[in-house]
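Accompanying notes for the structure given below.
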Amino acid sequence: MQRVGVFICWCGTNISSTVNIEQVVAALENIPGVVYIKDYQYMCSEIGQNLVKDAIKEQNINRVVVASCSPRMHEATFRKAAAAAGLNPYLVEIANIREHCSWVHKDKEAATQKAISLTRAAVAKAILNEQLIPGEVGVEKRALVIGGGIAGIQTALDIAEAGYQVDLVEKTPSIGGKMAQLDKTFPTLDCSACILTPKMVDLALNSKINLYSYSEVTEVNGFVGNFEVTINQKARSIEMEKCTGCGICLAKCPAKKALSEFEEGLAKRAAIYTPFPQAVPNVPVIDRETCIKFVTGKCGLCAKLCPTGAIDYEQKDQIVNQKYGVIIVATGYDLINLDRFGEYQYLDHPDIITGLEFERLVNAAGPTGGKLVRPSDQKQPKKVVFIQCVGSRDKSERGKAYCSKICCMYTAKHAMLLRDKYPDCEAYVFYIDVRTAGKGFEEFQRRAVENYGVNYIKGMVGKIFPGDNQLQVNGVDALSGELLQLEADLVVLAAATQAKPEADEVARMLSISIDRDRFFTEAHPKLRPVETHCAGIYLAGACQGPKDIPETVAQASAAATKAIGVLSKNKLVNNPCVAKVEQAVCSGCLACIKICPYEAITEQVIEEKTRGKVRLRRVAEVNETLCQGCGGCTVACRPGAIDLKGFSNQQILAEVDAICR
Amino acid sequence: MNYSYYPGCTLKTKAQGLEACAFKSAQVLGVNLVEQEEWQCCGAVYPLAADEIGTKLASVRSLVAARTKGEKLVTLCAACHQVIKRVNHDMKTKEDMREKVNNYLQLKEDYQGESEVIHYLELLRDEVGFESLAKKVKVSLAGRKVAAYYGCLLLRPREIMDFDDPERPTILEKFLESLGASPVNYPYRTECCGGYLSIEREEVVEKMVNKIIDSALQQGAEEIVTACPLCKYNLENSSLCQKGEIVVSYFTELLAESLQVKEG
Amino acid sequence: MEKIREEIKEIVRQALASKEVDLILAWEKGQLWYDSYPAFFTEEQGVDSLVWDQFCVNNLSKYLLDDGMAGQKVGILVKGCDTLAFNQLVQDNRIIRDNVVLYGLPCSGMIDPAKVRREGLDRGLIKIKKTGDQLIFVNKEQQIKVLPTQVYYDKCLTCHYPNPVIYDRLIGEKVANETLATHAGRFSAVEELEELSTKDRFAYWDQQFSKCIRCLACRNICPACSCEQCTFDDSELEILGKAKENSEDKFFHLIRAYHVAGRCVDCGECSRVCPQGIPLEKLNRKLIKDINELYGEYQAGLDPSIKGPLVTYQLEDTDTFTAGERGRKQK
Amino acid sequence: MLREKITPDTTKKEIGQISEISDEKILDCLQCGKCTAGCPAIHGMDIMPHQVIRLLQLGQVDKLLASTTIWGCAACFTCLSRCPRKVDLSKIMEALRLIVLRTKGNQRLEIDKVPELLAKQIPQQAIVSGFRKYVK
Amino acid sequence: MSVIASDAVIKKEAGFEPLIVAFCCNWCSYAGADLAGTSRLNYPANIKIIRVPCSCRVNANFVLRAFQRGADGVIIAGCHPGDCHYMTGNYYTRRRMSLLKNLLEFIGIEEARFKIDWISASEGNKFAEVMNDVLAKVHQLGPNRKLRDSRWRR
């Protein structure tokens, strides 16, 4: 027999000033099943909670209804209180008579009637509530980090520091990502390599971290605590164990025509190459598309020269299967393609470059040894124009509607580095707005203007007209309304950042969502910024949205902390409000399987006896650890064989009936 | 293959050369251009106001006629192309306008933008093919340094005209290459000549066209081709042209020349 | 048809003799001229009474669900519309395809006895012959020529699948589709109703639903209604009472139609068997029409490997309720 | 001048008309100036293209109606093809011109001028354009 | 905020107090309703909310049952397409309820009685607007008799 106790909160005067509590109490007295009613000023206070606990013990009530604020606010509080008094916490129901009643209605009588109605519905539902016990599942104590840029590196190091095994999968031959390509970092102007390389080395030496470079994740199954992942280690054509990184092969390779990815195409590389000297692992890879041996079958010079015999032309891709408790996605970003911005002549003139190319051109380890020269004639520029927002804040088909966030700062950095190294070179920056929200950022940008004499122009460039020797940049100073025609030697475009092209595929594989710009979506933009909607999968860095290095590292450490939180548990408890199948009623049409976004429902064959005959029947089965409790399957199921615990068909119908009474 | 051909007012008067050469060349190329039986002036400028319907009807009538014949509608004048193509786009995408126009025209079957509008250059590129055009060239224009001038109307707005990249188009250059000529790339080839401003603001137009011609000359151009009668007029009216620095012709004139069908 | 009937009998006898199948579902002639009822044959000898004529309207596929069929290899005679139903049952995992041998029968339409009576053709009827595109009703005094369209079931007149869409063995020549291609017009009745005012539409349906006696024949015949336990029979949930009450009649028919949405093969059996003559196919076709218009053409039962429209979605799907994109056709 | 309101009530009607005729959203503009920077006809304009939108945002229609800018726009669509906010300035210019032309007595091209133009060998296309752009 | 405008429309005429049942998904629309509350945006008390985990949990049965038991209008509110907490739930809702809405209209139920809309957790304002709007329309239509069980009295 269900004995319902109802607890009505005044919330000070928040509820009681609009809802006549006495009247509510009186109305509830007549409802069958309600055996105890109590009202109090602050039900969520300790005294209030004790009222609930005492009633459970003393009044022998076995269902609790609290008419108070939104369940999103205090459902957890009252469930805890019930549990403390020995009642299954899922026997508690909340009637929302504050946010949905007293705060939105002015008419006291109407609000009181509605409060009665809502509480009655909660009672009707509570009577049908069942004891629910969350399931438990073990945790594989190993983390997978996808992506080896600064985000992935930081996350891996933090998790390893906490004592857990980490596998890091990086698509390219070396970790380091975009940060390894940068020259200096804002706002402190540290040398990027100087702060990144030690971390890369730490990672390589860390016994807890296993690095799969030149590898890709190809399949992910399972759920938090128990992800099953397939990794494809692409054939490097080098035996990692034998290679000493001596570099003879790189130097002697006759095929040196490929454009270096690391140098943004500003230099050539050999067919056998390590992307950059500090690469981790310091093992080359053969680019089979340009290697003479692979293309023509003749050559094999590197194999002849290799002192340890590490070259293996026959090497095949290798498949690794591994289980993980958590996954951190740190796949980074790209710059947009500038094909459609013909007015800037990026594709048509070598002296128009992107910000990332500029980083390589001023880098001491870059193709020019750090000497800034024009790609066209290797002469030092005397006038450099920087153009911001190339494709950012651009809602046309060719751009991105969002702000790329990092360009204002790196452009200020570029201009400052330029003026510092070459004081006789003029720098002009075209901008729409300068955005410098960040610690020390505004001061940094102002320094560029005030101390380094960088000319900031609010306005944009209409078109660049390449002349015989210079680039005629036609722009406007929108504030003064004057047209500008600058004869520049070099133009640097702050191309918009964008999500990686493979983001869709990664999202699909991991069952996480992406936004309209194809960045991964966090579980909550404010309160759960590193989690995804899929438990156990976390986000770090620019794959979630444009980010600078400090933010990326902060998020990486946050993601690591979240991951460690899961790894540190031996068992995970899950939400018990999940779907369940009544197999006797299930017809096995399996529509539920087709629509389940979590692959939580599987097919099972059962034996059944009817009329003395044994028959085999196909039915659905719910994996309670995978099910997240959306209830979509319950509607796809016509006979109602699949139902949702905590929000059952019967419960919702009872609520409807109670509200309509 | 048969195509419905929309000539436009200028081609029947000031720009007869553009049309005559196009027709003769088409014959050689095995393309049958059939002039529409009835056509009205398209209005020369696409009516930009959202509340204008009447000025778009002439285009719709031609589009409907092409639909009836089941043929693509081919244009030659850049201005007509812009007007008809954009009106067609409106009929396809703007429900409100479609309803009003159809209500007014009282056709047997509502027109919903079914016809396809292509410019003569697109015909050469997509239907004839520049490669097969090159094979039919009788007199190669080898050694001639020609600057292609695009103007605005064929290229912009990009999404609607869907003609070529408005900032770095290639169709005219590829066309010239197929005739054996050496196209000259110069940055002003997509800048506006001033268009109809020449009616009351000649001084503005003068500045605009001189920049274009100057840029072409700097890159070594010896002549300019264009697809638009108004562009040609404005370019020729420039002081640089008047001084005899450069000549301007229609692209079809070069085409006819290389196919040896140009008279005189 | 007679020639084919003999061919069918021979094939059935052989199949039973060779143990290719354990039993065969077919039709048998009853006492009355219009009576060709479902029957199953297990012995070669019994096959003589098997019939194939223009009254074999019954769809036999749903008999495959009978517990008695479990573990047996079953042969079944199927018309075009029956195969759609069969496929739907396969898609719903109610039948294992490999356990069934399908004998496909092209069908040019079935005769509606009610129409025959209405035309007065049943008086003294001896037999019905088919020549070319005409039917000849033979009675003692005379032979009356009739166009099939006068006597065929309505559902046959809008049939688009006169030939089986799946079979193991086809018996007889395929029927040319054009002869029946008024398929496109199958939504005209729905469109007529859509044109009415809300008030008139309600009046129409209110009157129709009020005739319902809740005999559940529509449900029982329906190849898309194949649940182990129907939700209307769930005594615990009690979504539907037993009273004869207008709102409950509506509830029943709306949910019935809604439950087969995206799976209804449009065989028209529900309205055929309704003793009260409720035009249930109009509800089904309304849903089919909306699905086709909103989410792309879909024919249930054509290909079981294609996901039904309600268990899939497109990111850019339209809807019929938000202000911006009303999928509903503007009038 | 001290402003109390960004868009004064007095010009709300005209602003509404302009939005209606042009079907463009003036609030989308970020004032980046790209339209001005690339405008090939800028030399005949007294108010810059990006300022046109700013003035509209400020409700100062009168200044625009009196400007040379609206008659100097060649409708070449360069600004539209580059605008990061997809604002079609040519449509706004057209709307401004129409507000002038649709007012009685405000025609800019007279029939009498045509013979003179024809004498100059100007193509028909330009004259027709002129009638469309300068007369209503 | 001035979304109380419809108070004027909904005069207490003829003693008709419509009852509207609103099914709100826990993550977006229910939270949006909470936000309407914390922002003190008024809407009439005739609207009563039932919490469901996702709009895809709402069965056609629930809608019809509400109408049967005396509701004059029914609302289903979920996250905007693309924002579903369960990734795909509202995409199914969109298809299911598009069909149900048309079907109800087809048998002669007034279109305004059944409202489906997307309301995010940040759209407290929209929540109040939609509620006011539905109520105003239902009020104009008068009581639902077409689907109501004649034995059921409020």
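In this document, chain identifiers A, B, C, D and E correspond to the written order of the chains, with residue numbering beginning at 1 in each.
The rule is simple: a residue touches a chain if its C-beta (ideal position, glycine included) is under 8 Å from a C-beta of that chain, and two chains touch if they have at least 3 such contacts.
The model shown is predicted, which means the values in this text are computed figures rather than measured ones.
In summary, the chains found to touch both chain A and chain E are C. Contact with chain A and chain C alike is made by E. Look at the CA centroids: the one farthest from the centroid of chain B belongs to C.
Chain A has the C-alpha centroid lying closest to the overall centroid of all protein C-alpha atoms shown.
Among the remaining chains, C is positioned farthest from chain D, on the basis of C-alpha centroids.
Computed from the mean C-alpha positions, the centre of chain A lies at a distance of 49 Å from the centre of chain B. Averaging C-alpha coordinates per chain places the centre of chain B 56 Å away from that of chain E. Chain C and chain D have CA centres that are 65 Å apart. Between chain B and chain C, the centres computed from C-alpha atoms are 59 Å apart.
Chain contacts: chain B has residues 166-167 touching two or more partner chains. Shown for chain A are the residues that touch two or more other chains, namely 343, 463, 595, 636, 649, 653. Multi-chain contact residues of chain D (touching two or more other chains): 78. A complete list of chain pairs in contact reads A-B, A-C, A-D, A-E, B-D, C-E.
Residues of chain E that touch chain C in their complex: 60-61, 64-65, 67-68, 81-82, 88, 91-92, 94-111, 115-118, 146-151. Put simply, chain D touches chain A in their complex at residues 28, 30-39, 42, 48, 50-51, 78, 82-86. By the touch rule above, chain A contacts chain C in their complex via residues 584-591, 594-595, 610-611, 613, 615, 618, 636, 638-641, 649-650, 653. Within the complex, the chain C residues that touch chain A are 67, 70-71, 91-94, 226-231, 234, 236-237, 239, 259, 307-308, 310-312.
Across the complex, chain D is touched by residues 343, 389, 393-396, 399, 432-433, 458-463, 474-478, 481, 483-484 of chain A.
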